[in-house]
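Just dropping this structure here.
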Amino acid sequence: MALDKKQIAQRIARELRDGYYVNLGIGIPTLVANYIPEGINVVLQSENGLLGMGPFPFEGEEDPDLINAGKQTITTVPGSAFFDSAMSFGMIRAGRVHLTVLGAMEVSEQGDIANWKIPGKMVKGMGGAMDLVASARNIIVAMMHTNPKGESKLLPQCTLPLTGIRCVKKIVSDLAVLDVTPAGFKLLERAPGVSVEEIVSKTAGKLIVEGDIPEIRF
Amino acid sequence: MNKVYTDASDAIADIHDGAVLMLGGFGLCGIPEHCIAALVAKGVKGLTCISNNAGVDDFGIGLMLQQKQVKKMISSYVGENQEFERQLLSGELEVELIPQGTLALRCLAAGYGMPAVFTPAGVGTEVAEGKEVRRFNDKEYLMEMAFESDFALVKAWKGDTHGNLIFKDTARNFNPLMAMAGKITIAEVEMLVPAGELNPNEIHTPGIYVNRIFEGRNYEKRIEQRTVRPRS
Amino acid sequence: MNKVYTDASDAIADIHDGAVLMLGGFGLCGIPEHCIAALVAKGVKGLTCISNNAGVDDFGIGLMLQQKQVKKMISSYVGENQEFERQLLSGELEVELIPQGTLALRCLAAGYGMPAVFTPAGVGTEVAEGKEVRRFNDKEYLMEMAFESDFALVKAWKGDTHGNLIFKDTARNFNPLMAMAGKITIAEVEMLVPAGELNPNEIHTPGIYVNRIFEGRNYEKRIEQRTVRPRS
Amino acid sequence: MALDKKQIAQRIARELRDGYYVNLGIGIPTLVANYIPEGINVVLQSENGLLGMGPFPFEGEEDPDLINAGKQTITTVPGSAFFDSAMSFGMIRAGRVHLTVLGAMEVSEQGDIANWKIPGKMVKGMGGAMDLVASARNIIVAMMHTNPKGESKLLPQCTLPLTGIRCVKKIVSDLAVLDVTPAGFKLLERAPGVSVEEIVSKTAGKLIVEGDIPEIRF
């Protein structure tokens, strides 16, 4: 069975290491914060100017001056720090953020990513996505393996306007976990009950399948 | 050397049609809401607004859009409002979308007297079109130019009569950067105190960057996405 | 994720011969005196030191010069000490003098992931030799490269266990810039407190930039030029 | 009679305007702070990271964490602010400092300045001087008109290694006040009792003398 959004987030959370500074994008990536493994301390960066983002506030405790990059009211954890947007993207650009998790419309087998613009539709802007994908040390994409029409989102080349090139390192989709390697997508794990054949059929870009592919276990 | 103005309409009185403005804030957080209200009341037109976002239909820069005061937006993320979309699709409004970090860096460049800066954001994308690409240590960067603007409108938490500013939480965002970048910088603050009352180690924007300051009353500080968790 | 070290010798234990170090401070103000003492005790050699100044004969980087630990200084102003001058004239010590603002900007560039920056400082002088000169808006600028260093040693007033730092007065100077620029940043502080005790709005250097932190005891904080005025 | 150092500072202080942010170099320029005209408020910038520099502390009140760019213990005035060295030179580079006053070994008739290096002598470094002269909006040089050998320091071309080019706007020497114009040094005022002829004879660079040259009055 394909993973649901929470399970995608849960699987991604296993990539966290103690001491990581992490930037989580809007959508599924945000959920990763709910599954941080025990014994592991990570610090969440919000690119609007915060290190040490905490959970949503209790009702009545919202502070209009304290939001995340998705403009949601949030809280801080002990040891947090505020800074301006130049420093925020400065620390991202300098590689101080260990891991960025974000969504995508398309990923190419070279690791290119498209996630900000659909020609003909109202374009809202790239926000911080172009900065994040161009700068982050390690980028994991969380997304559905196919689009609502059933077409693969893992392509030989992106068809949509690019957000960044050669930057995605890993994909966790509803069907599989894959690394982006110089030779193409490399299948690492499959969702419970999802066959390698199904993943192959739903991956349009070059896919490397070597040996036995284990199921993701929760 | 009086920098203190009585209110927003006083502080923005010389903002003219066609001016290039920077407006601090991220979403509706930390926006100069009194300056925006005064600009709406003044009815100045043909403005270019450099601001990370464009407000919502009935708050923030959205209020200026309703009055068709904005000719061009330079932002990283827009379209939280209907009127914006209508004007964009009808061609009444010009929009230049740039990466958020690039927006910040182009403000910093202006504030620090650097004519141009290098960033990898947008390399290989349509953002790179027409820009100089340069390779350093096997990585490509775009050369992006410092912003030039006539006025920067920023909102701080506390300020003093010398123009020193302190921001609160994530309402800081682009405000200190734009405060440094404006040819004339106008700061509105929730609390204006006499020089000497702020701790000089806690100041985010030194007064040298601030030309005018006033205390705004009754801030609305609207929340765009109210998210809460249940009490356990 | 423990960043807290017991003392300076613990924190600098892996600084190796030939390392490139950044050392915060302006004159003797805000220098990482415990790290320097530990480097002297460790006897590491062949160091390149990026620091605005080079200390005095018996304090600051001067102590490392006495032990002939420094191969090269990159500074804006040196020579407040005799041993420095002797080594320089004898050819034992290499010195690269760069403008103070350029020193700051090259740290900032490293900390903000900008490979190079433009500054007008040094245009038309020997500092421009071998550098790319570029004209923007009828003014010439030099392209200066981001620093690369192995370790940054900085001194703050307060710090917490997450590595967040607060500096005091003009002891701030290059410290927050170097803290951002070091591949590994080691901060010594006068007061180390648990995470959560510092106001997140007052932090100058967010902990993300700091890899190691320790509390130094009995700071000497020597004054280089004691100047006073008479009581009227 | 030639001006003494205090009088040079006193004359320069008349160039201050209300609301100016000013950077004063080491030596004579520092003395300018003692002669700020009444009714004029200026804020002194110290490039090591302070706006709002005050006088020296009373004995026993020195703070090792509070020094000026000359490494002297100082104090602050109400409304001061501390910042790092990047911001300090950033505000200088961006033209936010209205006036810089500094000393010089030589100034050329084009406004070039040399004040940091004498070949063959121990070179201590340029400190912030190159940044200041390359960036400041308005630069006034405070210096003796001639060197100890009696040779003019106002030259057709500097002979010493340059600190910056085409940057000096005005010179206040012990003998005269001069503007640096596209056509050369322009004599504006002379020290009390100093003749135009003496100034002419001690100015090696092109000197423009037009009309009556008033004496500086104190």
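Going in written order, the chains are labelled A, B, C and D, and every chain counts its residues from 1.
Just so we're on the same page, a contact is a pair of C-beta atoms (placed from the backbone, for glycine too) under 8 Å apart; a residue touches a chain by one contact, two chains touch by 3 or more.
The shown structure was predicted, so the numbers you read here are calculated from the model rather than taken from an experiment.
Judged by contacting C-beta pairs, the busier of the interfaces A-C and C-D is C-D.
Subunit B and subunit C have Cα centroids lying 33 Å from one another. Centre-to-centre separation between subunit A and subunit C, using Cα means, comes to 36 Å.
Each chain gets a centre from the mean of its Cα atoms; for subunit C and subunit D, those two points are 29 Å apart. Spacing of subunit A relative to subunit D, judged by their CA centroids, is 56 angstrom. Shared interface positions of subunit C, i.e. residues touching 2 or more other chains, are given as 105, 112-114, 119-120, 167-169, 172, 200-201.
Within subunit D, residues 50, 82-83, 86, 89, 92-93, 135 each touch two or more of the remaining chains. Taken as a graph of touching chains, this assembly fits none of the simple shapes: it is neither a line, a ring, a star nor a complete graph. Shown are all chain pairs that touch, namely A-B, A-C, B-C, B-D, C-D. For subunit C in complex with subunit A, the residues that touch the partner chain are 1, 110-114, 160-162, 164, 180, 194-196, 200-201, 203, 206-209. Residues of subunit C touching subunit B in their complex: 105, 112-120, 136-137, 139, 141, 166-169, 172, 200-202. Those residues of subunit D that touch subunit B in the shared complex are 18-19, 21, 41, 43, 45, 50-52, 76, 78-83, 86-87, 89-97, 135.
Residue ranges of subunit B in contact with subunit A, taken from their complex: 26-30, 52, 75-80, 85, 88-89, 97, 99-105, 107-108, 119-127, 157, 167-177, 204, 221-231. Remark: subunit A residues 46-50, 55-59, 61-74, 82-86, 88-89, 92-93, 112, 122-131, 134-135, 161-166 touch subunit B in the complex.
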